[in-house]
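As written, the chains take the letters A, B, C, D and E, and residue 1 is the first residue of each chain.
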Amino acid sequence: MSETIDQPATTGTTHGLRTILDNRGLLWLDLDDPMSHVLDDLAARYGFHELAVEDCRHREQLAKLDYYDDYSFIIINATHYTEKPCEVRINEIDVFIGSDYIVTVHYGESRAVNEIIKKSESNAKHFGRPDQILHAVIDIVVDRYLPTLDHIGDTIDSVEDDLLISPDATLLSTIFALKRGLLQFRRAVSSQRELLNMLIRDDTAFISEEMRIYFRDVYDHAVRAMDLIETYRDLLTGGLDIYLTQMANRTNDIVKGLTILATIMLPLTLVTGYFGMNFEYIPLLKHPNGIWYTTGVLLLITLAMLSFFKHKKWL
Amino acid sequence: MSETIDQPATTGTTHGLRTILDNRGLLWLDLDDPMSHVLDDLAARYGFHELAVEDCRHREQLAKLDYYDDYSFIIINATHYTEKPCEVRINEIDVFIGSDYIVTVHYGESRAVNEIIKKSESNAKHFGRPDQILHAVIDIVVDRYLPTLDHIGDTIDSVEDDLLISPDATLLSTIFALKRGLLQFRRAVSSQRELLNMLIRDDTAFISEEMRIYFRDVYDHAVRAMDLIETYRDLLTGGLDIYLTQMANRTNDIVKGLTILATIMLPLTLVTGYFGMNFEYIPLLKHPNGIWYTTGVLLLITLAMLSFFKHKKWL
Amino acid sequence: MSETIDQPATTGTTHGLRTILDNRGLLWLDLDDPMSHVLDDLAARYGFHELAVEDCRHREQLAKLDYYDDYSFIIINATHYTEKPCEVRINEIDVFIGSDYIVTVHYGESRAVNEIIKKSESNAKHFGRPDQILHAVIDIVVDRYLPTLDHIGDTIDSVEDDLLISPDATLLSTIFALKRGLLQFRRAVSSQRELLNMLIRDDTAFISEEMRIYFRDVYDHAVRAMDLIETYRDLLTGGLDIYLTQMANRTNDIVKGLTILATIMLPLTLVTGYFGMNFEYIPLLKHPNGIWYTTGVLLLITLAMLSFFKHKKWL
Amino acid sequence: MSETIDQPATTGTTHGLRTILDNRGLLWLDLDDPMSHVLDDLAARYGFHELAVEDCRHREQLAKLDYYDDYSFIIINATHYTEKPCEVRINEIDVFIGSDYIVTVHYGESRAVNEIIKKSESNAKHFGRPDQILHAVIDIVVDRYLPTLDHIGDTIDSVEDDLLISPDATLLSTIFALKRGLLQFRRAVSSQRELLNMLIRDDTAFISEEMRIYFRDVYDHAVRAMDLIETYRDLLTGGLDIYLTQMANRTNDIVKGLTILATIMLPLTLVTGYFGMNFEYIPLLKHPNGIWYTTGVLLLITLAMLSFFKHKKWL
Amino acid sequence: MSETIDQPATTGTTHGLRTILDNRGLLWLDLDDPMSHVLDDLAARYGFHELAVEDCRHREQLAKLDYYDDYSFIIINATHYTEKPCEVRINEIDVFIGSDYIVTVHYGESRAVNEIIKKSESNAKHFGRPDQILHAVIDIVVDRYLPTLDHIGDTIDSVEDDLLISPDATLLSTIFALKRGLLQFRRAVSSQRELLNMLIRDDTAFISEEMRIYFRDVYDHAVRAMDLIETYRDLLTGGLDIYLTQMANRTNDIVKGLTILATIMLPLTLVTGYFGMNFEYIPLLKHPNGIWYTTGVLLLITLAMLSFFKHKKWL
């Protein structure tokens, strides 16, 4: 099985600032190294606020939307899921969006950006305004949540099946890893959902009326993802309960086995001890069939005990 | 017992687009194959948004309501419950509703739609406007939640009784299956309730004032269904607690049994071991009644232990 | 102890429609059989909506308030508590209230209605308007919540005391029955509280300004009842925790007892086994006081073990 | 240690109605027996509503604020904490506040009222208006929450320390008593906080603008008390978890001890049993040093087992 | 490892009131002893409310913001974290902020204030208005939350790893100490976040429009800190679950070991007991190879048991 379902593209050499689109009414600049001085140059040219620039340079920020006078600053939370061990990391994409330009900033190559570049080549009319680019980026990022969740859901399913058939300590660590991964995922998705909520509620200038419906659709997907995350968290908690009750069952079974054994063996041993005493006279000792009578008694005790446990349904 | 209480009608041959009603002021079209190009034709004719069409083609969407200029798009969550194993699946019915037409879209035959067709034949006056059709569909879908819940409630009742009488590992898997089914059910009902809430709150043009009260009634039913789902989830969690405490009780009983046995047997064995030692002189050994005195002591010890446990109420 | 504290009056023969009051400005009709055609006649005369009539005919509806043009429809949740087993059932009273009439509908006799009839005979001036009747009915119904809760609270108290003194499996089923009863109770009270909240918030025509303060008082009582229900649920969950920790304590005690016994008996048995071996030469065997030396050693071992456990505070 | 930190003053003879202050613009009446007919006289004179009078006569009402036309009615929740067993009782103080008078009603003497009387003698200017008296009463009542909580917090601290050092069943009942006390406390404080919230939010005529800031300060204290109560409830739940894990640890240790003992003793006993068999020929039996060889083997087995457990870190 | 990551500066001699800045439009006074009469003098000069002065003199107040006519009073919650044992204490900084002055009050030296003094020397233009000073103080305080949380997060990580490898009772006390520390931390951060929320929402005069964006940035950091605290609390609860399931596993393993041993030893002991009885005739006793046959049987039983447990995967 492949270990990751959403590997970041190789982060070899960075190519610095690229002009991806430069049509009438739309300039799309892409920067894959927020640490470079190029970002300062851009900030100076467009008047980006120093706080926004700082945010670009911190990794793993949660999604957010800050309005400024001439532009808005958006942090998008792309997620990167690895299966073994289950971990969800946030790859942020920072976006500055103005009336006629959009600047995307990220560390190394970004799959989402690359995909859009490819799409925009074949379908130019859908990539004519900044808000269309923004929608495309968020859409790809959010669409990728659901296959990740399906993957997690499948893992949970198989873990639950295994728990009922053969509960095992390794399942425990899988459950806790999944819980942890979902916690990280939830933080990313929840902030992303809030961001989308702001985008469709606020009457922002930089999103055209016509595009709003598309953002609402992405919002629906984010809501569904959150919903699934909560459901999965409930299922994992349930899984832990299954494990604990299975362990309780098993302890009961083991202790039951020990009790059955002791209940049969101890009386038999007592009988042999009785006839092993060194009294001058013990009944049956001198009897030629004494040993057979005694052996019969031992067998009888055994059978009586076994049928008693059979009766109690312990066997 | 029948395994399903709400089986989908056989999904044999699809009949494509049907015109079910075509009165003055109401055209009702029904399509049972959202994948066919017919839907694209309809979308072109009525100007349905591409996102809505896409939603029709995805299965298991949650209920929602999207307003568009000339029409509204509604996803209704019909549920399909199977008992063994307890599972709740969503069969979505998609509705486009305009001022004088309604288009229903679903995969294969839909019981709800079929029932309404039958009703509309005998009672034409209640099916004269699009909002009446919409109400009829939602009403049937929501009305079917409660018998399903009653069924689940009965299962929970019998599981709880069994838990108190004879706790058993198979009850565990029933509890977890029910929990899981309720989680799925809750997702469907909760989104359906939100949809109904929007319908009765928003001052939508496509619902007449007179019909609003009927939608409010359906909303009440959805609220009651949600309420029952939460109650059942609480009961199932309680059921798990019963199971765990019963297991703890049982372990206690088993260990208690082992302890009683050991407490009686070990001292007796010690006595026989004592008189089994090979010392030249051990008191009583040469005494003709030694064995009887010793046997008496063994019986005394046994009785003393038994009355001790009787006193401690362990027997 | 009486098993029920709020028994429904005997539901022998129904007397159909009664005119209880017919003053200037107030007609109070009471119907004790919602299934009869009389209700249809009333609905036709006063223009009751078919949905409201349907609601009357379903039992165990949650409390609610629906406004119609000329009248309002209210479902009141009277509760009926039985102690063994703890169960709370909803006896709904349906009320149609207009500007100068009130119609109450219920299954069989209703204690609340009977009490008001008795009161109204002696105190006519407080029963001169429909909203006064409505208040009287709701007041009696809500006032009866608190003694029921006191009863439940007393049971919880005695269960908690028993849990600390002698935890017992029968206490478990009492706890779960109480939990279940409180869940049912909460549903009734919570919907009733919402109904009262609507009555005092909404500027409804059918409640006079002067009566509003009385409804606020009833609302306060319902809030207090909800508050107590939540507190009791917390206490019951705590009771379960007491039970589980007491079981853990007890298992510890039993296993401790077994360990003490085995720790004393097994070494003693080893010693007797040692001198029970059939070697030609074993020290002490031929010694005349060998048996006494050995017996002394056995006693010493026993005392050492006992003082060891004393030291460990296990005894 | 003193058992109570807030004992009610001795409730000997009641002195009925007292006129505490009678300045220009302020009449303060205090009544320590709500059952007496004096309250009815007052109600008649000032026009108090019958519902408010009834509330005075019920004990242990939750804090609330009811507006009437000419006056307001306020229930204040003083708390009375006893430590062993931890219990929090509500002593209500009822206040009628008008434009130029204030009437306080309580059962028996009230510490809060007595303290204010003393203060007002030395500092008349701060007790010139009804809202100043009201503030003084609430301030004293709320200020007394925090020392009570500090006391509870200290008890929780020492319980937690004891739990880690020597978990004990008596700690359990202390935890549950504290939980219960905090539940009662929370009800009182939470209603008091709501009351204060209403006082500072609503634009009530009977509180002067200048006093509002003082009520806000009291509100802050009530919020802090609620906050501490929630924190303590969390800590107590954590304490229960400590107890349960400590019990699990202890069971493990006991079972481990039993297992070590059995693992050493059972093989030794087997060896002695082997040489205790009555076969004509058993190797070593006739050997003069047989018993020493065997004894050596027994010691070797013991040492091997001990070093095995040492290796497993069980010793 | 250093024990504290945020030690308060040495609190040697206090220097009383300092004038840190006295530019046109900004007077910054700093007082490191709220108990001194200097504060009373200041209060008299600027008209500070007595309640605010009192708040300065209480330690460990939660963060809050009170508006007064000419100035505002703010309590800032700096935190002081010690690692062993994990504890979070609140060091409050009190701020009075007017149109052209700011007064900071704290106990002993404050690192935050010292840092700002240093910064303000090199960068005067960013410290020209009271709101800039206020921002600088809050910014430093909130920025210090995240390294503390990272530290706690690392501790949780290593605790979780240890729990899966070698669960140990000392890990338990670490978990509970962390839980407790997070509870204290949460109280501080949550009130600080509310304070910041008020600062950016309310249209307060003393914060310039231009600075508001900087306060929003600090607010984001506080929100992130709260978010992490909640995540860590979830992880710790999960850690406790790991511990409990590991203990259950371990008990199972120990009991399993005991059962295996007993299952092998008891039957062997029974056989030796059988041949240790003193009957005149027992088969094999007189047979020259009897002992070898018997020994063979003992070995066979042992092997059979071992392979049985191998088959059950207990070994």
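By our rule, a residue touches a chain if its C-beta (ideal position, glycine included) is under 8 Å from a C-beta of that chain, and two chains touch if they have at least 3 such contacts.
Please read all numbers here as calculations on a predicted model, not as lab measurements.
**Q** Hop distance check: chain A to chain D, minimum number of steps through touching chains?
**A** Each step joins two touching chains, and the minimum needed here is 2.
**Q** Return the chains common to the contact lists of chain A and chain C.
**A** Both-contact set = B.
**Q** How would the chain A/chain B interface be labelled, same or different, where same requires over half of its residue numbers to be shared?
**A** different
**Q** How many Å are there between the centre of chain B and the centre of chain C, using C-alpha atoms for each centre?
**A** Centre separation, chain B to chain C: 24 Å.
**Q** Can you work out the whole-Å distance between the CA centroids of chain B and chain E?
**A** That pair's centroid distance is 40 Å.
**Q** Which chain C residues sit where two or more other chains touch them?
**A** 244, 248, 251, 255, 258, 262, 266, 269, 273, 276-278, 282
**Q** Chains as vertices, touching pairs as edges: which of line, ring, star, complete or other describes this one?
**A** Contact map by chain: ring.
**Q** Beginning the circuit at chain A and going via chain B, which chains come one after another?
**A** One full turn from chain A through chain B gives A, B, C, D, E.
**Q** Mind pulling up the chain E residues that touch chain A in the complex?
**A** Touch list, chain E to chain A: 160, 164, 213-214, 216-217, 220, 224, 227, 231, 234-235, 238, 241-242, 244-246, 248-249, 251-252, 255-256, 258-259, 262-263, 266-267, 269-270, 273-274, 276-283.
**Q** Okay, in this complex, where on chain D does chain C touch?
**A** Residues 49, 51, 62, 64, 66, 68, 169, 172-173, 176, 179-180, 183, 187, 240, 243-244, 247-248, 250-251, 254-255, 257-258, 261-262, 265-266, 268-269, 272-273, 275-278, 282, 284-288, 290-291, 294, 298 of chain D touch chain C in their complex.
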